[in-house]
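Both of the next two complexes hold chain A, though its partner changes from chain B to chain C.
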Partner chain A sequence: MQILTHLANKMKKSQAFGAYIMLVLLVIINLLIQGKGFANVSSINSLFLVNTPLILATVAQAVMIFCGGIDLSIGATISVVNAFAIVAGQHVPVPIAWLGAFLIAVLLGAAKGGIVAYLRVPPILVTFAISTLLEGLALLILPKPGGSIPSSIYSVYGGVFAGFIPISALVIVLVLIGFGIVNRRPLGAQIKAAGANQRSLFIAGVNVERTKLKAYIISGVITGIAGLCLTALASSGDPKIGNALSLNSIAAAILGGVDLSGGWGTVGGAAAGALFLGVVNNVIFYVFNNVIHSSTLMGIKLSYLQQLLTNIIIILGLSSSLLAHLKKGQKRRKQANEIKNVG
Partner chain B sequence: MLAAKNISKQYGQTKALDQAELSMKPGEIRALLGSNGSGKSTIAKVLGGLVGKNQGEITIDGEPIQLGSAKDALARGIALAYQDYSLVDQLTVEENLFLNPKEAIKKGFIDHKERSDKTLRILEQFHISAKPETYVSSLDESDKSLLEVAKALVYKPKYLILDEVTACLHRDQVLILFDILRKEKEEGLSILFISHRFDEVYELCETVTIFRNGKTVITTDLNKVTHDDIVYYMTGQKEAMKKQHQKKCASDQKEPLLSIRNLGVGCQVDDVSLKLYPGEILGICGLQGQGQSEFLRAVYGSKKISRGSITYRGKQLGKLSPERSLKSGMAFISGDRGSEGIFADRSIFENINISRGALRFIFRGIRLKESKSKADELIQRLNVVIGETSDPASSLSGGNQQKLIFARDLLLDLSVLLLDDPTKGVDVKARSEIQEILKELADKGMACIYYSSDYKELTAVADRIVVFYEGNITKEFCDISDEIESDLAAAMLGATRTEAK
Partner chain C sequence: MKSKTSDKKTMAGLFRSNTFIGLVLIAAMFLIGLAINHSFLSPKSLGNIFTNASLLAFASLGQTLVVISGGVDMSIASCISFGAVASALIMKGDNSNIPRAVLVLIITGLLVGIINALGIIYANIPPLVMTLAVSNVLNVVQLIICNGSPTGSPAPAIKFLGKYKLVSALSLITLLLIAAAVLVYLGLKHNNYSKQLYAVGNNKNAAALAGINVNKVIFITYIISAVLACLTGMLLLGYVNFPYINMGASYGMLTVAAVVIGGASFAGGKGHFSGTIIGSLVLVSLSNILVAIQLNDAVKNVINGLVLLVILIFYTREKAIRQ
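Our next item is the complex of A and B:
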């Protein structure tokens, strides 16, 4: 009980409190609708299985946004990782091919970071240009969908650990722990300072450019892992497989309480935001397949409304997290006034 | 000993520093004085490694050093506390203090316990009412100023430069800070104290260096120079604050131009009633944060009023907004030029014409020639020192920027002008020029509500002074002379209230 209240207190202080609450509420709604159909190992496993690439891409995006950037090329990077892993896997041993694909993502992160930090080009321009370039590169590597991976990889990625923990969820946990280690070092606060107030960081005697470069490399590492997870999930190559992830990851990061202007948010919140998207899709899919079927209303086939409803829920989620942000600002100001009045 | 010799620095056409000299000795607190634009902040930034110098040499104990970045300066033991803070709002107090830590680190990882212990000790020492894990954005200005100094001290510097850190502090906080600084001085720290407040300089410092127009005028012991000498060295002329009060006290006026009844704004303004008569300059006096800023903004319409009513020219105002206020001839000038006044990147011409243009119907044109000649005329009249009207406003000094904002509002045929500390950070000369402009306007029948953080300014220009304390008007002075200054100072501190009890 004590641990629970301690946890609750910690959550309340968290910058991603709203995101956690939203996710929990949604899961409860989902449980009410689907009942046992949702609360079993295989359905939880498939939820994580499908959503791990998005969750990891969102964490990578969040790191980028922390340091004052934004990455429109995460999706294209993931496509390149996928295409390279599949094509190289036909010529060299699979582990080497996958390692190569991963390193490409890290190098791309470093390249983006280098251009943004040292050449001072706005990140939105750099990553937009690079995303077009990478979309082309992915098509060059793998002109049309195809290829396969050893079935052992898929069965490991799709498996469960200790009977109830999805391996894919474990990957997410490992990535979050990895970033937690970064956060325990001064670099964690420095990355956020680079996004919130560069001048302060410079005044503190820290090399701002190098800090940004480090953040982009960390983001590249996580993007690489996301790309490999997507490859394991799809078990084949597709040069356009990841492209949609760029914008989805930004939406998910905002849902997770990450402030687009930099310096505010947590990676845990970002992951929760992405999971929120996943659960929304899950519940809507269930409702439309099992409750609504092919019923019509006023001549409109209701199942056509699936996308619409999904996106309306996402918009509601986005506005509520933005509202929470506004409110937090007011609360902070109010606290300041109270302190002033006491003083 | 840290010495800077023949330092020159040029920003575009303006010479910020011209062969300036400055030195700092261990165990000494030196004041650096100068009017605005005299290069005080620039030399501080040069020594802090924030801006490069064009010429000159910096030495520590006779050995020349290069300061390419703030990192170099910190490595040499030079730390700065900035007037505009170097704190990250989104981080906590402890994260800010130990953003680039040399202590509280174990094998590259943060030692959270040690860090929070150290932070607690610092917060206690500076009497800041915050926890280590409080976000800096929720601190108020005075605590931020103290934290800024604390942050500089965390680096354990040998040379500490304080750039106007007391501007936002309450008196008791100033005393706490001075105690800490004296203690550090005893331990051999060398401190450079940049300030506008003469009293504090006399209280804390032993020696003084005075800058004028980027040059070092004199370096001497403080007890060898008087207040008047300092003003002379700063401005190059004897202090000339003439006072000519036309006696027009509120009571014998007829119809008030603006009458405010029981106005309240959030928790900052409690219950304020005021009458403003044509041709009157009404001074508001008070410590920082007593609700006067919110009051002025509420009257202007940029802040929501919670209670009360405002009657303007005999009509009660319903909905308030800056646009409506300007259209009806009520303007607001803030001392916070950067965020509430000037468009720094736009040209001087545009800055003057922005309000006039904005108030017109969207398709109604502006005659360029007429606007230009009017702008030129105003620049002449207000004695704004500019290069070309097409230069960006950022090329002007603070005082001239402020005059530019006056010019903007003068184009609008005003009847009421609300001023929130318009001479904040403006040098003595520009200050008296602004006061002249105000008096001239008042003679033509315009009414002013004028808040200033410096009560001496109010006694020089106002016809009537009210004192704000904790969101209320606690005292009103109708007879303005030098003698009431001590009464004013007492009223500002809420003395009348304790007497009543």
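Our next item is the complex of A and C:
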């Protein structure tokens, strides 16, 4: 009991408290809509299966945002990883191809970090330019969707560990533990300090450029894993497969309580934010497929409506930091009133 | 350090100015184009370049204002696509439907601009991210209104506007652009809004302390940008003659690049429409060269990205931390 209250207190203090609460609420709503069908192992497994790429991309995005950056090319990077893994897999043994694809993501992370840290170009612009470049590169590697992977990879990725833990969820946990270890070391604090106030970090005697580069490389590693997970999930190649993940991951990170101005947030919260988006999409998909029984609604194709709704939800997700600001504003107004009263 | 204004008066300052670099780039592009294809500078080909550059400049006019205000608008591409598809759908090749089409486009632009500004001002979302998200929504709306396959055609008057050529090198669109450039030049010089725009771009807090309604300026800027982009879509439809899905998609990147080549700063507070026109000319001649050597779209994407990256590295470097 004591442990539980301790845990609850710790959660309450967490920067991502809101995200956890929202996620729990949404899961409850989902249970109410879909009934018992949502709560069994295979349904949970497929939820994680589908959303692991987004969750990992969001964690990678969060690391970038911590150090004061942002990455609009995460989606395109994942597309390149996917295209390379599929095409290279046709010529060399699959493990080598996948390792190569992973290394490409790490190298791209280092390249972005190098340009941002050492050439001092605003990250949002750099990664935007790079995303166009990479979208083209993915199309060059794999001109049209196709290809396949050995079925053993999919069956492992889609499998369940110890009877009830999805392998894909295990991947997420491993990544989170990995970043947790980094976070406990000085580098973790330095990365956030680079985002919060890089001048102070510089004066404290830390090499800010190198810290940023390291953060981008870590982010590249996680992006690479996300790309491989997406490849395992799709079991084939598509040069545009990841492109939507750039914006989705930013929205998810904001939902998870990560402050876009840098230096504030947790990767756990980011993952929760991504899972929240995933569950929302799950609900939308369920409603569109099981509640509405025609392919059009008011003469509009359902697939378009679904796209529209998903995109609007992303805007709402992006705006969710509004709630935090409102709270801050209330506090400030209260303080101002107190000062006035004293005066 | 010498200030920029005193730089401009010296010879060295002239060589360093963006206008000069842009003109050199255009000359270089023309020479390369001529080397690849001997009819690159024929009146017909030149007219083609000018017309396309004018269309890009129209699309970039709003972007120029937004960048001066310290933001960036990525919803321009989707506004153009929507403008083209929606106006074709409404006009149905009939002149009498033009007012209705223009009204719909203006209302859409108004809405898009307002939503963009709302997200940027009140939810503190970076402009690039917010406008990208809005553009995704607008792209789906474009699909919904035409149910996936665009129909309709431009009204004869719009077609005339897009197609008519005074001489082979000078189209009506180019003339329109020149008129617009003069208007914008006069407007940005003697206008309250323009002074406020530059002030907001330079320093929002200082502008607010000086009594400027910063939010209002940002709202107006994003609304102008979206409305102009929607109307550009109509003009593009007149030029191309038939609508297709995501017609304006390629303009998104290009408007940003044109504005930056034109000397506007992403930090805000700096830039001019004349520079953007030069930037448009540079980019359109570049893309015409790429067409002349017959590259596929993927390579074009890669080259566009590389060009933008190089431009950014040259133009938007921040100060070192130790300074």
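Methods note: the second predicted complex is superposed on the first by the 295 of 343 C-alpha atoms of A that agree within 3 Å, B and C clash if a C-alpha of one lies under 4 Å from a C-alpha of the other, contacts with A are read in each partner's own complex, and residues count from 1 in each chain.
Rule of thumb we're sticking to: a residue touches a chain if its C-beta (ideal position, glycine included) is under 8 Å from a C-beta of that chain, and two chains touch if they have at least 3 such contacts.
Note that the structure is predicted; figures quoted are calculated from it, not measured.
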| item | value |
| --- | --- |
| Touching partner for A:A234 - first (chain B), second (chain C), both, neither | neither |
| Touching partner for A:W264 - first (chain B), second (chain C), both, neither | first |
| Partner chain(s) touched by A:A57 [first = chain B, second = chain C, both, neither] | neither |
| First, second, both or neither for A:A101, with chain B first and chain C second | neither |
| Contacts of A:F202 with chain B and chain C, given as first, second, both or neither | both |
| Contacts of A:P186 with chain B and chain C, given as first, second, both or neither | first |
| Which superposed partner A:V80 touches (first chain B, second chain C, both, neither) | neither |
| In the superposition, chain B vs chain C on chain A residues touched | C |
| Chain B and chain C contact sites that coincide on chain A, given as residue numbers | 199, 202 |
| Chain B-facing residues of chain A, complex | 13, 184-186, 189-190, 192-193, 196-197, 199-207, 259, 263-264, 332-333, 335-337, 339-343 |
| Sites on chain A touched by chain C in the complex | 70, 72, 115, 119-122, 124-126, 128-137, 139-140, 143, 198-199, 202, 208, 247, 250-251, 254, 260, 299-301, 304-305, 307-308, 311-312, 314-315, 318-322, 325 |
| Residues on chain B engaged by chain A in the complex (per definition of touch) | 48, 50, 69-71, 73-75, 80, 82, 85-91, 95-96, 98-101, 105, 108-110, 129-130, 133, 135, 137-140, 142-143, 155, 170, 266-268, 289 |
| Chain A partner contacts - residues on chain C that touch it in the complex | 115, 119, 122-126, 128-130, 132-134, 136-137, 140-141, 143-144, 147-148, 253, 256, 266, 297-306, 308-309, 312-313, 316-322 |
